[in-house]
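In the two complexes that follow, chain A is the common piece, with chain B as its partner first and chain C second.
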Partner chain A sequence: MRGFIKTLSQAPLTAQLGMAIIVIYMFTAIFAPLLAPYGERAIVAGQYLGPSWEYWLGTDNLGRDMLSRIIFGARNTVFIALLATILAFIIGIVMGFAAAVSGGIVDQVFSRLVDAVMAIPILIFGLLLLTVFGTSIPVLIAVIAVLESTRVYRLARAVGMNIVVMDYVEAARLRGEGNWWIMRHEILPNALSPLIAEFGLRFCFVFLFISALSFLGLGIQPPTADWGSMVRENASLIAFGDPTPLIPAFAIALLTVGVNFVVDWFLYSVSGLRE
Partner chain B sequence: MSNQKRAANAENTELLRIQALRIEAQLHGEWAEIVKGVDLVLRRRELVGLIGESGAGKSTIGLAAMGHVRNGCRISGGSVLFDGIELRDMDSGTKRSLLGVRIAYVAQSAAAAFNPAHTIGSQVIEAAVCHGVMSPDGARERAVALFRQLQLPAPETFGKRYPHQVSGGQLQRAMLAMAMVCGPDMIVFDEPTTALDVTTQFEVLHAMKQAIQAEEMAGLYITHDLAVVAQLTDRIMVLRHGDTVEEGDTRQIVEAPRAEYTQQLLNVRKALKPEHRSAEGAPVLQLKGITASYGRSGPQVLRDVSLSVPPGTTAAIVGESGSGKSTLARVATGLLPPSAGGIELDGEQLSYRLRHRTREQLRRLQMIYQMPDVSINPAQRIEVIIGRPLTLYFGMTGQKRRARVEELLEQVDLPADYADRRPTELSGGQKQRIGIARALAADPDVIICDEVTSALDQVVAQEILSLLLRLQDETNTSYVFITHDLATVRAIADTVAVMYQGEVVEGGAAEDILGNPTTDYAKLLLSSVPQMKIGWLEEVTQARARSARGETQTVPGNA
Partner chain C sequence: MGSIAKLVAQRLTLGLLILFIVSVFITFVIEFLPGDACQALMGQSAMADTLEACRQEMGLNRPPHLRYWDWISGMLTGDMGHSLANDRPIADLLANRTGNTFFLAGLAALVTVPLSIVLGMLAALFRNRGFDRSINVVTLTFISFPEFFVAYLLIYFLAVQAGWFPGISNISGSDISLWEWTYRTILPAATLTLVVTAHMMRMTRAAIVNVLASPYIETAELKGLGRWRVIARHAMPNALSPIINVVAINLAWLIVGVVVVETVFVYPGIGQLLVESMSKRDMPVVQAGSMIFAAVYVLLNLAADIIAIMTNPRLMHPR
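Now for the complex of A and B:
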């Protein structure tokens, strides 16, 4: 624990800033009902009010408090993104490592399947799948996870390939270990650092993807507060010089930048690269 | 030109003087001294050997002699005077005018030093032309002369080839030509023959010695192999942990070493085995007429190879790289199914394929690898690494497993509390001991040892070999010992099989093969192993020349 704190204190300012942003977002998401001055769906005043002492960030197109919705939005968007990313990693890592360990036909089938999925632009494919299966949150998570897992698969397979040729994997094979054990105990611990770094980046992409889907109307459905749909709902205001739609956009951008700061630092320290 | 310059200088003048050199390296943000005040004087036309195990600081000193330090290192004290010029605080312009022209460097791996996209010739003359020492035509002529001097095939056209078109030994000689093309005053040789096979090493050493003498150059020769350095150098400096252990004439160091550490280096790989065991009882592992190739239509890498390992003995498989010795191990372990032949373990026929063998069969045939860094998983604790075979084969868990792991650690001379460490906290020799303990955990009948000492320093390798022999006495395990190093074979083998191009050319009891080889290849191989004896290189060259002329054949020095 002391070592961890020491590492943190030695991290560059950008990484510390990034971590602070992430911690604040997590805190906000977890304690949203306590922090928000009003309810997520409560219509509290007139439409499109400007910032005031009562409504710090003004109200939206239906007269709901912007600040409260931003706070609840953290909860929805961040947690859906987190869940989808975790799921994408589980799918991608299992398939990627299986391809690396088995090689041959398994590798060919998985890789060509992934190539086929990746050949279609992710947003279009996502919209298509959501139109077919509906826009409930479990479906949303599943669709995003499957689509994003293709990227994870490629990384996991490449990293796994490098580890599979190591003598300790051969030693495990000669010992009579099964593929699952080799994936779990020989490959995964040694592939962790690139995968964790990728997790940070992938999380950003998933997060932006959800926002984009919501903006297009196929992501998180109203009245649930979500930053992407909040941008869309208030988009017309921008024409009148009202900055309200920029607030959720700024929340999205800030988290993306923060996560990237941390990932950069992490990559830098595990790879030992000089600037 | 350079010869005139040299003639103008009196004999025995100092060329390089290193005084109280201290070099620090940055480790986890702290500076640690890795060279601790070393003094060295190199006179003109003199070749000085720097010898020591890895981490002794010999390469660091070699680079410092050229005014260079690796990234993350700094010279913290002392001076490096080259022909009166202080190299320590030399600006990069002066450095450029010296390096390549008056000081040259020969690296360990020629394959990594040459750019594969350019011809050898253009790279050899590049420095001379860039520095304006010679015209391109003049440099080309000089290169051809050097190729001839270094006994490279077709010297006129050799420069037109690309690095991948020549053999490793030829490329190493080409790098020597690259270093010599400007006629430098001094060359730093950093383990130039370590990566080569013994027969190739012999050729390179021979060509190198003649070329250095003809060109009258001075040099620093860095190596871990005392027998090699004894053939080439005038003086030897023995280094350890960044400090000078002993310095003296080559003859004095080889014949009357003063320091205990030097004696230890001289004694490595002396026969460890008091007596060779005779082959009693039915063979525990038997390979019969193995023929194998990579891929269905690939060339055959093994042709009708047979090997039989009696219980409790060590069977050595000797051969150069590409002879198929490691492939034989892959066949025996089931990683590479052969196209013909039989594999028997204790009379029981083994399947060609790993996944068709029973767990019991897998348990009885274990393996130890060459590179301890990659053969044990760096992400696992030692307890898991050694304990996994115990769980898998004997169903041991918890306290019982822990006790057995500690027992095994003690058997390989490591403290029991190492069970809680990770491989990254151990040295190379200690990691190899873990590899041995992991193989022992399965309580096997046969252990295949694939070049287990070649990645280790000589003194450490010696300890590992003694450990293996002691364990053989204790457990009566058979070893199949794959190696290219005949000194190792001599130290521990009971039977020897010499492999060449996928076939066993000679096999039998160790003393017969090593003492009195009958086939030409075995003779060549045995006579190429450097002997700790001054003048050995010349003796063997002369003997070979004589036998080539058809006179009586004597291969000296295989005592």
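Now for the complex of A and C:
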């Protein structure tokens, strides 16, 4: 614990700022029902009210409290993005390591499949799949996880390939261990640090991707409080000089900035790029 | 030169193959939709025999591979079918909008490419000094911003508060001058520029730092060559290919980023049309629009590949 605090205090200001942002968001997401003054979907007043002591950030297009929805949004948006990222990593890592360990036909099939998926721009692909399969939350998570897993696959395969040629993997093979055991006990522990950094970056991509989809109307659907759709719902206010739609957009931006700062510092300290 | 021609031919074939797979994929996914175009056109209450007649007329009861053939040959000859929403030919709908989208993307690229290459080179030259550090923080921040956040910030401050530019890009009038057109496109183009420059600049910096770290650069420096000569004569030829690659990849991103930006500014391009048609479930338009985006994306990536091959010094001077 002391070592952790020491590392943290030596981190650059941006990384500390990023950590603080992540902690605040996690806190808000976990304790959302206690923090929010009103319910997520409760219509409490007239439409588009300005900020007041009762409604700190005003009300939205249906007369729901903006602050409460921002707080609940931390829960919904971040949770869905996190789930999709984790799923993408499970798919990508298993496939990538399997390709590295097995080689040959498995590697060829997986890699060409991934090439084909990556040839189509991810936003267009995502929009298309969501239009066809509907926009329920499980479909949203599955679509994003599958699309993002191709990027994880590339990294996991590349890292795995470097580890597979090591002597200790050869030793495990000669001992008679199976492919799954090797993936689990030899490759995964040694591939962890690039994968952790990638997890942070992927989370940002997924989070921005979901927000963009929601903003375009094909992501998380109303009445669930979600930052991307909140920007969309209140967008017309901006023309009247009311900055309300900027608030949920800022909430999205702040979290990705925070995560990116932390990942940047992590990459910097791991790679030893200090010249 | 023979080996280059062979490599380029290989890439071209691969690119065509990918385009083919993408087109099959897009048609295949659309097949998954419950109901078909006739159902969508006539609604749930349509009589069975009228539906059948409609399917007969539109050729929907033919086998899928024949329908795919019809569609792809139509796409290639410019007959893309009709929109379900307003029955207009899709080719007409797309013609203007494709031009608009390319105008927007081109305007953004015109500023982005030189700006990010210069910034990237400067950051690489002064790496780990104040300039590099601060530009790292700034670009990292812009990468993290969702496009619509940047867009609404620009609208709020430059269009609403300052009143310098229009917040909505109304370019539908056919008689507007090029100057007026550019003026009304400035905010969406600026949004794209800010987001893509951040990416492109970081990748340019990484490419140059990579080259500068190689031993032969150190040799050149130790020989006592001037700083400028080391960069222009020794580092540049090797850095050129990764930089061009970075530019092409980012232009591909830019084309896709257009979708969100066009929606924010109600800019009449294909991105906005695509999103609108998706919400109306106007599948023929969605199919054609997706195909255009995917094709441009594939072609730009292909161009990146081919240029990288052609500018690779090792391939240019085969032993």
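To be clear about the criterion, the second predicted complex is superposed on the first by the 274 of 275 C-alpha atoms of A that agree within 3 Å, B and C clash if a C-alpha of one lies under 4 Å from a C-alpha of the other, contacts with A are read in each partner's own complex, and residues count from 1 in each chain.
What we mean here is this: contacts are C-beta pairs under 8 Å (C-beta built on N, C-alpha and C of every residue); 3 or more make two chains touch, one makes a residue touch a chain.
Model, not experiment: these values are computed from the prediction.
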Simultaneous placement of chain C and chain B on chain A, clash or fit: fit
Chain A-centred angle between chain C and chain B, computed on Cα centres after superposition, in steps of 10 °: 90
Chain B versus chain C, judged by how many residues of chain A each one touches: C
Partner chain(s) touched by A:Phe215 [first = chain B, second = chain C, both, neither]: second
Partner chain(s) touched by A:Phe27 [first = chain B, second = chain C, both, neither]: neither
Touched partner set for A:Trp56, first chain B, second chain C, both or neither: neither
Touched partner set for A:Arg175, first chain B, second chain C, both or neither: first
Minimum distance between Cα atoms of chain B and chain C in the superposition (Å): 6
Chain B and chain C footprints on chain A, overlapping residues: none
Chain A contact footprint on chain B (complex, rising order): 333-335, 354, 357, 359, 362-363, 365-367, 369-371, 374-380, 384, 388-389, 392, 438, 442
Complex interface listing, chain A residues touching chain C: 14, 115-116, 119-124, 127-129, 131-133, 204, 208, 211-212, 215-218, 228, 231, 235, 238-241, 243, 245-246, 249-250, 252-253, 256-257, 259-261, 264, 274-275
Interfacial residue positions of chain A with respect to chain B in the complex: 166-168, 170-171, 173-177, 185-186, 189-190, 192
Residues of chain C touching chain A in the complex: 18, 21-22, 25-26, 29-30, 32-33, 127-128, 136-137, 140-141, 143-149, 152-153, 155-156, 160-161, 167-168, 252, 255-256, 259-260, 263-264, 274-275, 278-279, 281, 286, 290, 293-294, 297-298, 301
